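The structures considered in this document are given below.
Same chain, two partners: subunit A is paired with subunit B first, then with subunit C.
Take a look at the complex of A and B:
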């Protein structure tokens, strides 16, 4: 069998894609990861802690990155996008566009380019909560540990201060996009998700006050490498957050937005409530939910543990409106306490919208054989196997389930390759 | 192999600004007489690498020490096939964290060169451990939907499968379903059960050998060579398998324990499983009088989410009741279905099915707490408090369906455990012998399904808080078990619905395939999947103290008839816990061994005056945290750090060596232990802590303060706290008198 026919293309370098690639490679197959951002790790690399263990995602990523570094069967391309997929199960020809990093393999990670760079832009990794340079590395454990220059923000030859600052000849502002071709026998789509655009829910006030944030922003605020170095403060005035409201199903389970349940938000908010409580002993957290969804053993145990904290209130309630009180600068949450049957109001320092998952697979140029449903998830096609969606490209799911799913998808992929031999 | 060491020192990344590189060369050449020592401005550049490659080719250098950045950086560049490569990190741990051009900084860098050279002297290329005839066949235990899916998954990838089912038919619980939940978009309509087709495929697959009415009699051996004895109706059958998928499934929670919900009070209070049987008959009627039902009440969390019964959520029951409400509405269109729930749990796109059922005016859903079920005049009355309907209500029904939860078949009931304990205690009293550490007093030591012939017990160890489920401790690594090559799948691993079981079955099957391939090629399985070294044991010096057999987290070490431990290499995960446990220091790896670390510590230069501190750091978490602190350019005290595979490697001999050399203190950085432990080798740092307990006494006798050795539990993300932690430690050490052994 030709070597390329034993190859699996993995689109997406988040936890699902990394897992699928590593699991397949460790069984003796070649895997090529195509990741559109400059780094592997995806969404989880930006999380502070995993529920329910409250352990750092970088711990598992470190192992996965090491498995990649040590395994010659895995290749990966960052800043890479699928240009075209042709062919069928067992023989796909794939064109991949490699966008310029403007930094080559000589980069040693010394930070001189960042220091020299005069351009500051909104930091997308931190959802705009702070700024970063146009030449940057997003966090300490980024992989590959190779700087990147922001194609849009960088002034290129009009500035080029980084080129002079780099002692290692690692910067090349003339890099151009290039297209490479690969052949693979099977494809795994691990394209993941993005947070649903919270500004689309007018009543929840996102965008009207910096102190109404999303759950993914809350992760960055809590992270030691986030915009506040892990200190939970209000984005507007830096005040410590002692009263925090969590609004569940912000977009999810809502026919006008995401009709499905995003599966992770209940646990994410419970987890984030513990961040608040741990940091400020005199703080209070309020969570407004429709149903508390903590299935299984460890999640339910986590819920029970959170419930023991009398300063965390779990309120079955529908939030009608969130807005800033202009005089006190408090955030006001108007809600219906369903069990009490009453409409109520509450003032808090910070309101976290538990926004759901919007799948991103339709942003990838895919062949017609891949069916995407109205919600943006791939519909598994049993009749034409060869392309497999995993993780949140298929259904909203948490990290554990994504890992499970990606491992299983690796088997489906090697079955295709096995049949060729 | 005669070693010719080449030392290559990088001057880039601020190294040459922080230290005098020429003096580092002197250390290598004069103190250690290394035959080749060169410097380069940018060692990782193609030009720098050519320098090294040239020496490997031209000078016969076969062991290289890279004195440059962290071993985590530039791994691909500094890999030279067939050559030993070791790293001395003077970028992150010196240039980026120490004040430049100071005496202390120079001394630190020189020590890293010394330690690096002895590390290289003590490191050899791995020689893989290969079985003579590794089996790539896979044993699957359990013929339900999970086991069958695993079996097909493995068989379709070209591997042979032995599928063992204790019942006389394949199919498990799935065979008893009237309809199954939708498994695909739009997740609205119930599906005809697919289990029959799955059974057909399994039965006709040429790669699958099925054993029904069969149980495992015993399993001995190890990955690549599990000797499986299967008790069948036709006697004992023996097969050799390379890896195992455990898909033994669940049992419904015993409804007899749910008297408070009316079970047993009336035949019309039934379980959700009974409901499947009734629905299969085509019309829903009451068991008591055969009358067609008009009002069916479903009680959710019957036994689940209840501290008196199952404290957890059984995951499948909400969807199952919604499905059964749909039976009621379709088979008896005039009937109403009431579902009383605590929280309706239909994650992901299953929400669409919930939505569809909500839209049916004949399905009433309410949150509420069921306080009792009463029988009166041929009707059932369900009392509910805290409802959305306002206050307490009583729902009249003809039929009450209890949505009972699930328990894994791997769970050993307390009564069962008590029975074993009684037998054991009686035997012990009668024989007057010593207590046996392998006595069946813990769940995984009670023979149940696998019946492994392992020193550490016959079943998979379960986590304390997992209620008998053989779940992984790791969010990122769902198929981790503490028995290499044995992977749990489906509802023995976690409570899950059928669709999840099917997906989980594929994952576990993948891991089983990966294991047989790794074993056949002499690699470890996860997490050190790249590792071809293995523990080499000098048994002549072994005193059979059995610490290694007891402490191995994976049960890799058994004992022979004479009580001498021996490693079953393919069960080994190369963590090196045994290396740390062994008081005779007879367990070593080619590239990581007792003598290596001991020599590194002994080669730290200890001046007559001034503090000298060393640290051991877990290479997966603590060491990357050190690197991250360096990337942030935090100032760290000049502690000499040595990366270890796991803090479970800690051999007390190392500490004794270091302290007797005059080193003032040793700090140990390892992962969090206890509940929610983060050690990837289960108990590494915890074992290190236990070993330290034994050391403290010895230190006291030597008039050394026990606090000189400190263990810190650290996460990889605690890099922001590291400077403070290390500074505090140094401050404490400064309060002590210098180590009196400095003078010797």
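Take a look at the complex of A and C:
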């Protein structure tokens, strides 16, 4: 059997891509994961807890990483990007560009390079909430557990302090990008999503104060492996976060921004309200919504459970102005309390904008025939039976749904391969 | 809560939709509009609640409602609306319904509001003026009184303006009664009407409300310019009436360009033209965010534009001695001035009556203060 008859290419190494690859491999097919960043796990790896069970994301990720590690049918490439895809269902020729990590397999993760590195840059994994070195490990439990040199920030041979510091000869600053070719019979697009750029909403104050943050930043702030080791403090002055406003639909369901519902933000904010309440017993959380969207019995139950806490207030009325009070340094949110018929202002320590999911598939070099809808999500195409989009490449959805979707897509891809042999 | 029976008035909904509020039903009640609005009172915010009232056809909520007139159509709400529901335009359409409701005779309401009668709107005044005009004009120096002697102008225009003003006053009388019935007037004994009028004028004359507009802040300049140009033109005209009718002298406009009366006229005319051009420019500049506005808006903009342009052109062509252009342009000018007067209480210009009255009422009744104190 030729390679392409047994191989599925998975673009994206987040929860959807990992799931699809693992499921296909465990059914006896080869899977190749191409991941742009230096680590697998994508957006999920950067979360503190899942809703509604409130367990940490390592739950699902660790198992998948183990399944990948011990399954020879899965190959994965990090710092890799699709260069070109040619061919059709059953026979795709794919060029993959492997960008240099500058760190080879001898790395033991001793952190000596990070300590030696003099260059500090904004930490993208933590959405700029802290800094990291140009020689770094993306986060504490990153998989693969291999350090990486920031290609842009590193001064390379002008500095090379990390090379001297590494006792294992694991750093090679002369690594060059290389291109590899693979064949596959089917392609799964698990390109995922990115948070909508909150600074595009000029009325919500993002960027005017460090204490106006987005929901993905809140996950990092609450994470034990985040910038504050999980302590909820204000990015500006380190004050404990006792009053938090969650601004729902910050960019979603808005024809000026993302016209669709991002599907997870209501549950994410309810979840994040519990972070605050758990950490500070005298804290208060306020969630401002248009409609609370918690579909299905388990999510409904979660909403009801959160509602039981009288220090969590759910207020109907969208916040449409957010700014810093110059004298008190509080963050002021302005809203209409619809049920009371009053326009009000509230002072809080931290304002969390529940920003939505923007599609990222357009950032990948895909064949022209991959069609996207007016919002940028991939639409199923019967005429291109070899390419399947999964998870948030297709629609905003939560982790559980993405996993189910990816499992289904693995089966679809296997069927394509099966038809050929 | 007490049981409440809702009686939707579907014709009212259709009326709002027809009057430029066609986006009304898109609203999903998120309240972004009330928050971004810089002119709404905090304890009784608009326009979110007005949107749902209008969607449901709760016409009675808009009878004797001064609050829709507090809206100055800055359109910050429309620019930030996540659904393209254009609350600013919808409130404009609701105000139009109010004007229609309080003005009579109703056939004039209909022909002003319906674009299919647009030609009729100006053909009738043109016929009236054509009947009164003297088209047997001697050649030589252009003198407009050759076509319309001063007394002809007086016979036509003074009743036209009087009609407009009287209909407007009758309208605001009914409006006042409805507001009083609806809200009562608990403070009326302590605050006197005169002070309320002065307070309202203190807001209107410097256009202080307009200064709060965000997206459409340029409207402050253009509206101010048009407003004071009209004042200037009214002063010039009053001089004319004073000289000819009261003092029995010849027209003051024969005086040179240095005299105040001539200056008021010229400054008014030029200011009006610049102001209305700025207004049109603003509308186009803001169109991507808020749309171009309704027929009702453009009818008034159109009338004022023609008045300003024809006024200046008739003056220039007269000076240039081009009789073939000067007389027809002057005729057009008079047709549109006549239209402005007669349609005053029916067109968008009626906001002059209703907005002022609503502002005075809110001060007189103490609603303003209650709202400010929240």
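Just so it is clear, the second predicted complex is superposed on the first by the 420 of 421 C-alpha atoms of A that agree within 3 Å, B and C clash if a C-alpha of one lies under 4 Å from a C-alpha of the other, contacts with A are read in each partner's own complex, and residues count from 1 in each chain.
The working rule: a residue touches a chain if its C-beta (ideal position, glycine included) is under 8 Å from a C-beta of that chain, and two chains touch if they have at least 3 such contacts.
Worth saying up front: this structure is predicted, and the values here are computed from it rather than measured.
J.: Looking at A:412 after the superposition, I want to know if it touches subunit B, subunit C, both of them or none. Which is it: first, second, both, neither?
T.: Touch status of A:412: first partner only.
J.: Quick check on the superposed pair: does A:156 touch subunit B, subunit C, both, or neither? Answer first, second, both or neither.
T.: It touches nothing on subunit B or subunit C.
J.: Kindly classify A:320 by the partners it touches after superposition: subunit B alone (first), subunit C alone (second), both, or neither?
T.: A:320: touches subunit C, not subunit B.
J.: After superposition on the shared chain, which partner residues are touched by A:230: those of subunit B (first), subunit C (second), both, or neither?
T.: Touch status of A:230: first partner only.
J.: With both structures placed on chain A, which of the two partners, subunit B or subunit C, ends up touching more residues of subunit A?
T.: Counting residues of subunit A touched by each partner, the higher count goes to B.
J.: Looking at A:253, would you say it contacts subunit B, subunit C, both, or neither? Reply first, second, both or neither.
T.: Both partners, subunit B and subunit C.
J.: Check whether A:334 is in contact with subunit B, with subunit C, with both or with neither, and answer first, second, both or neither.
T.: After superposing on A, A:334 lies in contact with subunit C but is clear of subunit B.
J.: Touch check for A:203: first (subunit B), second (subunit C), both, or neither?
T.: Second partner only, subunit C.
J.: May I ask you to decide whether A:342 touches subunit B, subunit C, both, or neither, giving the answer as first, second, both or neither?
T.: second
J.: For subunit A, what residues appear in both contact lists, the one with subunit B and the one with subunit C?
T.: 253, 255, 291, 338, 341.
J.: Along subunit C, where are the residues that touch subunit A in the complex?
T.: So the residues of subunit C touching subunit A come out as 28-36, 40-45, 48-49, 80, 82-84, 374.
J.: Under the definition above, what is the set of subunit A residues touching subunit C in their complex?
T.: By the definition above, subunit A touches subunit C via 203, 249, 253-257, 290-291, 317-321, 334-336, 338, 341-344.
J.: What part of subunit B is in contact with subunit A in the complex they form?
T.: 12-14, 42, 44-45, 69, 73-76, 153, 156-158, 184-186, 305, 311-313, 315, 343-352, 355, 367, 386, 388, 390, 465-467, 469, 471, 474-479, 494-496, 500, 503-511, 513-514, 517-518, 521, 523, 525-527, 529-530, 620-621, 624, 627-628, 631-632, 672, 676, 678, 680, 715-720
J.: Show which residues of subunit A lie in contact with subunit B when the two form their complex.
T.: 15, 22-23, 26-28, 48-50, 53-64, 66-67, 69-71, 106, 108-111, 140-141, 145, 167-168, 223-225, 229-230, 253, 255, 259-261, 263, 291-301, 304, 316, 338-339, 341, 373, 375, 377, 379-380, 395-397, 399-401, 403-412, 414-415, 418, 421
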